[in-house]
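Once you scroll down, you'll see the structures, which are given as structure tokens.
Each of the next two complexes has chain A plus one more chain, namely chain B in the first and chain C in the second.
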Partner chain A sequence: MRTISIALAVARKDMTSEWRTRELVPALAQFVVLALVIANFAFQIDSRNAAAIAPGVLWMALVFAGLVAFGRAFAAEREQASLEAMLLTPAAPAAIFAGKALAAALLLAICEAVLLPTLALFFGVRLSFDVVSAVLLATVGMAVLGCLFAAMVARVRARELLLPVLTLPLWIPFIVVGGQAVQAAMGGSVTGQATGLLLDLDILFVVLTSLAARFVLDD
Partner chain B sequence: MSALIGTALTQRYGSEVALDDVDIAIDGGEHLAVLGENGAGKTTLLRILATASRPTSGSLEIFGLDAMLERRRLRARIGFVAHAPGLYPALSAAENLEFFCTLQGVPRARAVEVLDLVGLADAGRRPTAKLSRGAQQRLAIGRAVLHDPRLLVLDEPDASLDSDGADLLARVMRGRTAVIATHDHALANRLCQRTLVLRRGHVVGVPTRLRVVH
Partner chain C sequence: MTRLGQASAAAVALMLVAAGFIFLYAPTDALQGAVQRIFYLHVSSAIAAYGCFAVVLLGGVVYLWKENIAADRLARAAALVGVVFTTVTLVMGMIWAKPIWGTFWTWDARLTSTLVLWIIYAGYLMVRRLAEPGRQAARFAAVVGIFGFVDVPVVHFSVTWWRTQHPGPVVINDTLPAEMLVAFLITMACTLFLAAVMIAIRYRIEVLMDQAAAKTVPAPIAAPSEAGSAR
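What follows is the complex of A and B.
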């Protein structure tokens, strides 16, 4: 119970800070829209190939927006020396990590709320419940992995370089399975198996990162 | 009875020795000032005592618990003021303290009491970014006593504090065991019973007894 209240307090603190400073979300939203505009010009899109190209563009935009969002989750704490203040309380590092990951996932979900309608507009693809659920499920797993590595590299000088190098290989399962789910959903097929696999990956990585958080955060 | 016993505390950063074989013992309720020039190892020692970092070697016992093994239990009994205030600039002073109340597991109403204690009762709703550096330092000191710790570790808390700063420090240290690093000998003399002088990571001489503070 205490773990949940700490995680929620950390997430609320991060969301309140973002709401007041508007540091990350407007820039990320602008970034994903620009990525779609560039993709729209770069590919010869017509009604026959839109459903095949759109999922790839969606995941590319999401991956890069995610790297920025998750990288900031711990970098800002280190810069203002507040992470140590949190860790010097009796609060469990796993609870603090869960709160940070929850806030980062919510911030990325807000960007997705901009990304998905813009994608539908530019590529003329159908947005269904299956597309949205696949993207949201992948966001959870990507957030916990991204935040774990962001915490790990936050005190390193070359963190902007290290974060993608460490994170991208482990995001591949989400990109592959999420890509299949979105492609199937946009083509009007059933996505049950891919969505189920995304859920399994989420559970696996939430458990693994919660266990690892203690060693990463508490030196 | 000793509240804190550190034996042969050593901290190395690569080939550099920041703290070398330091022994320290503090009685319950005693106030110890750690003096020394910049780079003498004051911050390194205080960070070890606050469980913020682990020494390369040596042992540390605080309130009868092994500080290397029982860090989380001890953190409920230790308050630490570091060099940087470590506050959230977008949150108000009260919101900062309320957030740490949740992390410490104390009622949020304690934030109001502490704001009053550190003289920020009127500034509670102001964003922390808009507070002066001195007010931010007061808030950091307030955060350190939020959970009513038995041991207070203060790393140059007088930096940026105004003329009332010594009174504030005396108020928060009262009834607690405290270790304070400072360059201000007059402040050390006023607040502490003993001093420990560090030079290049070594203790210089024998810890000096000042006077009893009532």
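What follows is the complex of A and C.
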């Protein structure tokens, strides 16, 4: 499968460059911990309300960390004009896009590996398999949408302004369904239906973004 | 008088006829009183807005498929008119909600998804302003228009699935009295005509703006090689 090997190569390139520079992940990890500290002051958290507020804080931190991560996904490519070089190769734009989205999703997942335990520690909530799976499933859909619009805004003026405006409304379904799933899971009830819905949304947006990638990248 | 001028005059006259039906023909609601008359234009504008965004979707798909500039202009025009009608829907709905629900806003599925609709197409208009005019703006906007149209029903249903405990609005029940139904259908037809005329006017403006841009800029089509380094 050529497409998959191209996507994996692009993703490996991004992960290698992140490993060598180590810029984004430490900054994001610090960002999410800071978000928890801010939430503590903003919501006046104490031992009684912490568990009720925790899911909301989780999604707020995740959404804004995601915006930063995906905004950076195409920054290096833009600065060195390397995206044009990749597009000159016979590789399909959809494959290149899949690689970028995969790398961005992995970076956000690393950031979640910091966020979730910190949240559990500071807010005293339980981390179950359901919580982790809901967050990871939402990450997939958020990553493909975020990367599509990051690729788009990388080429327009005022890109920092446009990325949240375009991305956040499209993430709402993931936040609605994922938010309910996490709330239910932290409260100890089952989340079977929500997991299925997140999977459906992932499939829908992975298919749509891979169809649209050609028009956004190959400009 | 140009054809567009005649159509505009007809649209204004038709809206006055609709106003006549709303205020003189339709009976006053027994429970809600005069404020119920907002319903006719509120629902009509919502339907007109959905129609406009369907045109944006179709225009975007046709543009991506055939690179047809007319389809893109139509999408551009319909997006702007759609945002106007969504604004009318939201504002009139809030004016109705204050006396009836006791609050301007509630996080109901329909209200939430309409607000998201407005935000998405406001973003669409921002893409049009900020992207490089021509092929890039058209392509990017087409993608935003298509994703926006897919996302709104998804938002609506995802909120419905999870927020059923919240009180929902009862906007239309099937037992609308005949006079009210007539007034509503006439208002809807007039509003749809108004929307079509507004799209036609905006389409004409887009044509003129494209022509003006082609005259002032020495190279009307920018070379794609600089696309990556465009600031």
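FYI, the second predicted complex is superposed on the first by the 215 of 219 C-alpha atoms of A that agree within 3 Å, B and C clash if a C-alpha of one lies under 4 Å from a C-alpha of the other, contacts with A are read in each partner's own complex, and residues count from 1 in each chain.
Going forward, a contact is a pair of C-beta atoms (placed from the backbone, for glycine too) under 8 Å apart; a residue touches a chain by one contact, two chains touch by 3 or more.
Keep in mind it's a predicted model, so treat the numbers as computed, not measured.
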| item | value |
| --- | --- |
| Which of chain B and chain C A:R2 touches, first, second, both or neither | first |
| Partner chain(s) touched by A:A113 [first = chain B, second = chain C, both, neither] | neither |
| First (chain B), second (chain C), both or neither touched by A:A81 | both |
| First (chain B), second (chain C), both or neither touched by A:Q180 | second |
| Chain A residues touched by each partner, larger count belonging to chain B or chain C | C |
| Partner chain(s) touched by A:L197 [first = chain B, second = chain C, both, neither] | second |
| Partner chain(s) touched by A:A91 [first = chain B, second = chain C, both, neither] | first |
| First, second, both or neither for A:T16, with chain B first and chain C second | first |
| Which of chain B and chain C A:V207 touches, first, second, both or neither | neither |
| Overlap of chain C and chain B interfaces on chain A (superposed complexes) | 81, 84, 219 |
| Of chain B, residues touching chain A in the complex | 50-54, 71-73, 75-76, 78, 80, 82-91, 95, 99-100, 102-105, 127, 143, 147 |
| For the chain C and chain A complex, residues of the former touching the latter | 64, 116, 119-120, 122-123, 126-127, 130-132, 135-136, 139-140, 142-144, 146-148, 150-151, 154-155, 158-159, 161-162, 224-225, 227-231 |
| Residue numbers on chain A that touch chain B, as the complex places them | 2, 5-6, 9, 13, 16-17, 20-21, 80-82, 84-86, 88-92, 96, 218-219 |
| Residues of chain A that touch chain C when the two form their complex | 77-78, 81, 83-84, 145, 148, 152, 155-158, 161-162, 165-166, 168-170, 172-173, 176-177, 180, 197, 201, 204, 208, 212, 215-216, 219 |
